[in-house]
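In the two complexes that follow, subunit A is the common piece, with subunit B as its partner first and subunit C second.
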Partner chain A sequence: MKDEATRSLKREQWHDLARKLDWGFSYVDAKDVFPEAMSGTPWLSHQDWADWDEPYRTSYTEYVSSQVAKEASVNAVREAIGRPEDFARLERPWLSALKLHSATLPLAEFAAAIGNLRAARFGRDSAWRTTAAFGAMDEFRHTQIPLLLMHGLLPWDPQFDWTHKFFHSENWVAVAGRHLADELLLCANPIEFAVGTNFVFETGFTNLQFIGLSSLARNTGDRMFENMVNSIQTDEARHAQIGKPVLATLVKHDPEYAQYLVDKWFWRSWHFFAVVTGFAMDYLTPVRDRTASFKEFMQEWVLGQFQASLEEMGLKRPWYWDTFLASLDNYHHMVYASAYTYRATVWFDMVVPGPEERAWLREKYPDSWPEFEPIWDRISERWKEVGPEVEWHTHGATPVGFCALCQMVLCEGAPGNNHARVIRRGTDAHIFCSEPCQWLFEKEPDRYEGHKDVVKRILAGEAPANLLQLLRHFGLSPGDWGRDAHRGHYPWAKREAG
Partner chain B sequence: MLVPLYGFLLGDTLGLIVLVQDTDPVARIAESLEQAACMRVVPTGRNRVASGGRELDLEMTVAQAGLAALDRVDVYPAKAD
Partner chain C sequence: MPWCKAEGMGDLWEGEMRSCKVEGNPVLLLKQAGRVHAYADRCAHQAVPMSEGRFRDGVLTCRAHEYAYDAATGAGINPGNVRLRAYATKSEAGEIWVDTTRAP
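For the complex of A and B:
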């Protein structure tokens, strides 16, 4: 009788057979099993997808083993440093970076589980489907970990409630977030999901948040956040590999559509991360803990590596590249100054950059920052006029405009040249923050036209125009709406006032 | 009739909604926008208003200036005398 060792197949003897298990259909047509509406465009024969591969080639056993180890590691760190008193030691502005991350990403990851599950059923090659199934399980984990960690902080700080609440609210940032996540993660077919999510969003941008911001978290002393996102990043790095082989096949058969999807999702991902990561890196991280600016992280992780990936694929940079480069110097500064003066409309506190922070920003953004100086001078002066604790003197009350495509405030361009533009289709006016947003809308008007931005909801009587009522509509109350992180108690304000 | 406009004040960081009556003078747009943005931009009190690439007469009414709901209007400081 053969012993156990000789009866067991070695991994390399069975693994490819298990991963690449596709078969022909005799009773139904392949198009019925993989309808184009669900599997994506272009619809190709399986032969065209048969070379699909990715480098991790994980088996289910390996997946479970490694995930158990990761969970144990996160839990150990949580038990050691995940209590409210551990977070209370962190700087208040950094906690806002944590609240911004926690609200915008975990439930978007849950939506990404749906996108992955669609690929796990309708992806056109079995290895793709297997990797997507692992991806779906990853995304559940990326939802559950922050929900668990932040829930413990709720009794200490009610703003952490937005970790779960955000995507279920009508808050203006949530309207923008859902507009992006619904299309990219919930509704996209597996081909568009692979290009938009796996290739652009995850390969191009999440490194910013999960590696770049994680390194800043370490500097601030937030080892819990650092550990959490590092753990998540190891999953992202694996399932992001779905993107390249899908895009490679798409480029081979329909290069124009491939370029369109890259251009579309690069711009939309850019706006998302400019706010989530841009705010955190350039404003909410204490200046002594910053190692590089958001722009420098973008240059390293996105401009360098992403461009190389595009070239490798035979694709061009997006047509709006020059606009994007200008935006890199301005957009998150435009949104941050705007949001600071409407901070009660968000669920995290914001901070005025003081002399030291402004010197740092001037050095990092020499071409654009001079235009923002008068704005922060003005806000600082208004704080000095009334003293600490009087939030409303530096707060706007007039409704702001929102882009009909990205649903963000109209902040593209620079203080001296806002790029917003209005078009009319029939009797309807649509405003866009930028040329790329207008281009995306006009490519698929039927998809976007029916969506009402916050202003259109106000004009239709579906949302209130009065700011205090609008805050309630946004899901906010005095207990959790955003304030100045220091309540106006700034050393520079006191010193100069004296 | 109430006319909502997208207002952009030079030097500001975002577009705001300016609500004016069609019988209001164009100058009211500049006043409203300066007031709405005063926590970010120092008001000058002397401005020009433009829309669709043309400068508007400040004394004209919003209706006479041909402004329609959700048009973009830009407000700039008046040139020094």
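For the complex of A and C:
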């Protein structure tokens, strides 16, 4: 009779029975099983977490069958259109967008697997732990798919080597990427991980990639990239949902800390996406294939929903919201212009926006773009002066300044009004790109002040000052360092005969 | 004037779904068990058009994050705490009419 009853359980009844498998401890203390240092602050009784709920339910059987189908689909697409000749048809700037994503994505996903596994052990409710275990398996998959797909392109283009190499290098972008990923994915306790990764990064921002960029990939004809990100995206709803119930409990017991974590990770995530997605959408996607600007995608897919989520949680917008809105008009343009003039320090090629692109940018960013025009005028003029193939005439030679918090070049503000600022702590000076970066540093100085940015490494003799030697230190060689994507062969740069 | 004709939808097949605009609103129409159902063409999760997803075995699945809904009612299957906005429909003279101001 009992067997009969079990067999006839509906799917949702089985889930409700199986997902909550917590029990009381008799000969150890719960604090020993879930130490605060590992499980996170505030340490609450299990009763406070007992209502933890993940509305999107999955059993292991469902997980496996669904993932097998997805793998088959990715493999079928790879067989059909994953050969180098398929990629050779794509525009060169778009290939750079692909290289930028391929480098920054897979090993960050691997680090996220570790963050999920920590939650799978030290999360305070059994349903949370199970969902995090699925999340870890998702992230392994998100590591392996791009590694596999891009490996096939390596003999064709050595810059794809950075898919695996990036996070293992001392490249300045990798230093910034590790500074973010180490703290958010490798070191954060399950509570901070859930707020920073699951709520802010995944629920807040990744639609920018998975919906916005995926649609641009389709427009450019890169069906492999589109398929890859769509396949990855379908996993997100399951593990991203960890964020809300954790944040809801945190808001109930320590709203000030909840607000701090949201403010912290929104700003840090913003800088990451501004570069990785901002470059791709506003510069590296061919202008005919663009459907919206990076700012418009942010407004459609991030700002509205993120603000609604904060309101639902009883939280406020981050205190620096006005600074962020100004940054939305400027930051990625500032970093792109800076990186273009130091393109040999990265592993992908970059492109000068020509008259058509600049008209598009002027229309999309009417308030900020006019300040960028003189920069690109000057760069364009220098290409015209020397003609194609002479990369160094439009390239910087001395190291630039980096932010002591985000580790990116000092690019907050606008071309005529850089927001860089310096503070002193003891005998040390620390420079920041923005007020929010300074605020984050001063909130947890012990966490951050031991880290040396690239300039401090040079001054300490840990990295070379000479640019060519620095490129080698960054892991680059003439075979894979970044160049102008068209080698200066622009129709608008042709000198008139005679 | 709440009832509006869903232009070009009169030939909707059994087991088929299609999107159209009704009074400027994106509407998903589908036919199941001989009956036409209309929903706002946006997933309750993150507003991705449901018409880009799958309609199979009476289940509508969003292409973005695999939110699944009962195609006959719009009720969430996974997760169970969401639902699609359903609109009233009627068929007249081989055409489908939708009222986006009323539930079925």
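Things worth noting here:
What we mean here is this: the second predicted complex is superposed on the first by the 482 of 498 C-alpha atoms of A that agree within 3 Å, B and C clash if a C-alpha of one lies under 4 Å from a C-alpha of the other, contacts with A are read in each partner's own complex, and residues count from 1 in each chain.
Quick note on the criterion: contacts are C-beta pairs under 8 Å (C-beta built on N, C-alpha and C of every residue); 3 or more make two chains touch, one makes a residue touch a chain.
Every value quoted in this text rests on a predicted model; they were computed, and no experiment measured them.
In the superposition on chain A, A:E236 makes contact with subunit C only, not with subunit B. Within the superposed three-chain model, A:M228 lies out of touch with both subunit B and subunit C [touch as defined at top]. In the superposition on chain A, contact of A:R382 is made with subunit B only, not with subunit C. Once chain A of one complex is fitted onto chain A of the other, the partner contacts of A:L476 are absent, as it touches neither subunit B nor subunit C.
Of the two partners, subunit B and subunit C, it is B that touches more residues of subunit A.
Of the two partner chains placed by the overlay, only subunit B lies in contact with A:C411; subunit C stays clear of it. Of the two partner chains, neither subunit B nor subunit C is touched by A:V276.
Residue ranges on subunit A touching subunit B, taken from their complex, read 333-335, 337-338, 341, 371-372, 374-375, 378-379, 382, 393-401, 409-411, 415-416, 418, 420-422, 429, 431, 455, 458-459.
Only residues 12, 55-58, 66, 207, 210-211, 230, 233-234, 236-237, 301, 305 of subunit A touch subunit C when the two sit together in their complex.
Chain contact summary for the complex, subunit C toward subunit A: residues 45-48, 63-67, 78-82.
Within the complex formed with subunit A, the residues of subunit B that make contact are 4, 6, 8, 10-18, 36-37, 39-42, 68-72.
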